[in-house]
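Take a look at these structures.
Common to both upcoming complexes is subunit A, partnered first by subunit B, then by subunit C.
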Partner chain A sequence: MILDGTLPARVAGIDSLSPTLKRFRFEPERGCFPTAAPGAHVLVTLRGPERVWKNAYSLVTPPEARDAYAIIVRRVEESRGGSHFLHDHLRPGDRVEIGTPASLFPIASLARRHVLIGGGIGLTPFLSFLPVLRERGAAFELHQYCTDAETETFGRLLAEAGGAVTIHGSTSRRSVAEILADQPLGTHVYTCGPERLMAAVEAAALDLGWPSHSIHKESFGGAEGGKPFSVRLARSGRSIAVSDTQSLLEALEAAGIEAPCLCRGGACGVCLTGVIDGEVEHRDHVLTEAERADGKLIATCVSRARSDALVLDL
Partner chain B sequence: MTDQGIKSRPIYATLRRDSSGRRHLYVSAGSGPPPDALAQDGLESWTVAPTTCEGTLPRPEGVGERRFRSTRYLMETLGRRLAGERMGLRLYVEGPEDFLWDVYGVAQAHGLGRQEIFLKQSGTLARRVQCVHCKTFNEGVTTTIVRCAGCGANLFVRDHFSRRLSAFQGVKIDAEQPGDVPQAERAYP
Partner chain C sequence: MGIQFRKDERFRENFSYVNSDAGVLRFPFPFGEDRYMYSVNIEPHIPGGPTPAFAHAFDIDEHYIAECQERAMVLADDPGRCQVLPHMMPAQWDTLELLMESLAADYPEHFSLDKDGDTWRWINRPLGIDQSFVFGRPETLPCAPFEYITRQAQGDFTLQDQRDDNLFVDGGMVTTQADWSLDFDIGMSFHEWHGPVPLAHETGVFDRALRFLLRLQYGHPVRRLNWTMTINPRLDTSPENYPDWGPDRTTVTPENVAEKVHLRVELQTLFRLPRSNAILFGIRCYLLSLKDIERVEKWRKRLHRVLTTLPPELAEYKGLTRYRDTIIAHLAPHDDGAELSPGIQPDQTVLPPA
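Let's look at the complex of A and B:
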């Protein structure tokens, strides 16, 4: 699952979709990009003047597109994650490193109907689902939740998808439970967006008796800051400080440590690292309750320390 | 000879109510009541009235109960029912193995998945055997060796079970030495 090797690329185009949303198109320095699965994301390495970011973004290009990849990024106010850099500094022609695409959010092959529920920028993985679902002639419907100010922007992005799409602004929206209440056997639901929306989708589906295999969530680059802490690496003896706006993974990377990762959103488990001492504040979706209680592992991409320091098996 | 150590033999657990479901349908090839672990409020129960009851007065159907005069009729009705069903259904199936997998096939074709179907073998262990040579299905086979109704070959009933065909595989036993057919044993009563 750990993907090494980055694909050297250049920024080929930047479109402004709304005051806070931009689409970035990347072209390979040479040859073609690999084919990506629907719902795939890439890790984009951004080298700013003071620091380096490595962020996961869903590809919004059709899976078979190999001449270019595109991502859509929202510029968020408290940019600990590098969206300011992308929005304000990246220019056409700039170089970027892109990781091999990986998919943790596949289209279920046995499903007979697909219900896609996006929230805000969480729409992005579905943009690569749509051409595939259309080509397969699959039965699907897409619901996009967003603020009233953004219904038009998302409407334009979804224009080609036609009648299967409903955009729910903040003033008039159908509840998730209503959408899920009347679905035929063999339906799968996929959701990507704010944690609250995804939790609501999962709870509504389970409440209606949907089996867990038919519910799919994409956890999207969700690291949030927190109290600063320090880590000691048992094998090398090094000590590293993690600031309030940094994730543990980012702090390790900034210190030049090759730390494994894939989703950077607490969903894949690739970054799990042994904890020798200290108390962990778990924020991932991969560890079981028992593993959390055990406290022997930490998902470095999202989780932090509850104690002042952690000792890691690195 | 009954346990040939073949892995495609499914293993069945007893039926228990899956409380994560919202509607529960029990389908049986027999005519008995559903097991207690299932029979709570709101269980629908579909059974087949046995042919031996013909002419006798059947007991009246209770709430949520339906009796079908044949397995085939039950299966057709099930197909129509599932076509209109919504997410949240759990299907519990009880009966001989070929019945279980016939129902499973219908359920799967209508979108039910492994988490929504529960199977329990009961009743006769008689097997549906497909002759690998002429593809004829031989129903209700109770012996280790059977003469194929299609091509007349003496078939050894292998433990190899096809969930797609709901049938065991029968292969010619005297292919090497024609006429060298061991005694058939009654193994699947």
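Let's look at the complex of A and C:
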């Protein structure tokens, strides 16, 4: 399937799961959605009255759900604002734009057993894993860590998963190390949740001698976006702002500049552009260590500024 | 209007293979410049571009029926040309879904797909197939899902599993290949199966390509063109049957070079698959005789220049050494050295008579 741009959709339903958790169901404006990977996330574009948010959320629906995608969002007090908007303003029937489902958290094809460890709202990617693992007849177990106040809420979400699920409230819980100590060879562990939990899972598995390739942590794409910065184009004297959700290349294109590019993934080297001033945060796969240190070139499709501004030879 | 399929083509023995004028003009000529060298020439596989061969996810042309028949003959002789390792079953269904949905959407006059929950009905009019089956249940199809659907597609396909920051060729349908063997390569890692390619390793092409492909995203396939040359319009130039075609290279003469020598282009596409996280690699093969290439002014001049400047290691790897000079001598009188437009497009819409 070749997908171009975002998937136009509407809010089809909103369920309140707890005082701070809501499930949002989206239906496509026409046709059906593309098959989403287990563990996929989407970038949801929210157009508020004053600003636009682009937030990444894991889909909680399985690959076969093509007529609707769903996400579960926690209303965070100290958020950039996206979760407030979703919780307080989004209504059934509202339009949203959904990005292509991307997966950086796949199910390992050769794992003999799968151990899923979620923390709080980090459970969400596993909700799309579970039906797939069941259908494949895979050996798995899921451990959900949460506060005592939320054990019932998560218990309801996991009701269909049956005996392979253990919910660990804050007052009585097995340690991650205990869970992992008991696993057969060939087991893979997947974890999503607070950074401390994921670090504990990784440390415990490595301690027990697990190969690093059998430890999987959910991390949203680092190469997409980052700190906003500005670029000045030396030849034309123009200044262009690069937002936190835009690549430098996208910002150049949005300003009507025909910047060279080919793969848009930092591999081909076609977009390499001269840097006259400023410090680059290199994210490409083309430049050598020496070239990076030299700092005279930037791959506009993926790399960004470490300084507040860059001056480019454009 | 549908595609007018040629029904009596043969890609072996008493060869019978013809391109219509439109077929010649839609050929994905691989040389955008007067010199050729390996590069990571990967671009987004979005519809459009300099050749109609780029118009759809999977290109179907006038040779569709004949190529499917040729594939069936190869498989009848050697079932090992299609192999998929057991952990790739999710990738098999991903492939079937991608091909069926793409073909039905892009060529509705030839293919249709109707779904009622998990029960799917697939209609392939050119091949006369009407198959109902349950998605996810291999026993409801005449053969495994990957073999089933790739028997109905042009070009070879391989499945790459992604693990341990590497890609492993853990399955494939390979019957129209340029001298490589799935049976030999199956299970190999990215650098292992690219081992024989000269010059490219030293320049880091494969390191970069692997790093890029590990990040290939669903819904955003990429493509590149690769090329070699083949004597006679033979699709199955495999190591397994080398005795059938290897000696053909010694038969090229100044008198028959235009008919015998074919430029063989692979439109290579790479798709991230959703359920499996595997990569489907399509290797769609196009053959065009030197005689037909000559009918396009830009292409005959450019081919002459590319062959003249091709590094000897590449000529050797591609198996051109024995007859390269014969082609150059044939093309030289028709190249005035005039500057050619960049890009692969033919720059003409009608052809002189063959």
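In this section, the second predicted complex is superposed on the first by the 214 of 314 C-alpha atoms of A that agree within 3 Å, B and C clash if a C-alpha of one lies under 4 Å from a C-alpha of the other, contacts with A are read in each partner's own complex, and residues count from 1 in each chain.
The criterion applied here is as follows: a residue touches a chain if its C-beta (ideal position, glycine included) is under 8 Å from a C-beta of that chain, and two chains touch if they have at least 3 such contacts.
Not measured: the values here are computed from a predicted model.
> More residues of subunit A are touched by which partner: subunit B or subunit C?
C
> Regarding the shared-chain residue A:A259, is it in contact with subunit B (first), subunit C (second), both, or neither?
A:A259 contacts neither subunit B nor subunit C.
> Just checking: does A:L180 make contact with subunit B only, subunit C only, both, or neither of them? Give me first, second, both or neither.
Only subunit B is touched by A:L180; subunit C is not.
> Which of the two partners, first being subunit B and second being subunit C, lies in contact with A:H213: first, second, both, or neither?
After superposition on chain A, A:H213 lies in contact with both partners, subunit B and subunit C.
> Once the shared chain is lined up, is A:I167 touching subunit B (first), subunit C (second), both, or neither of them?
Neither partner.
> In the superposed arrangement, which partner chain does A:L110 touch: subunit B (first), subunit C (second), both, or neither?
In the superposition, A:L110 contacts both subunit B and subunit C.
> Going by the contact rule set out at the top, does A:V231 touch subunit B (first), subunit C (second), both, or neither?
neither
> What is the shared patch of subunit A, the residues that subunit B and subunit C both contact?
The answer is residues 110, 213 of subunit A.
> Could you pull out which subunit A residues touch subunit B in their complex?
It comes out as residues 110-113, 180-187, 205-206, 208-214.
> How about subunit C: which of its residues touch subunit A in the complex?
Where subunit C meets subunit A, its residues are 39-47, 57, 87-88, 90, 94, 97-98, 101-102, 118, 136, 161-165, 207-209, 211-212, 215-222, 271-272, 274-278.
> Which part of subunit A faces subunit C closely enough to touch in the complex?
Touching subunit C from subunit A are residues 1-4, 34-38, 40, 63-64, 100-103, 106-110, 132, 135-136, 213, 223, 262-269, 285-286.
> Contact residues on subunit B for subunit A in the complex?
Residue positions touching the partner: 20-23, 82, 85-90, 110-116.
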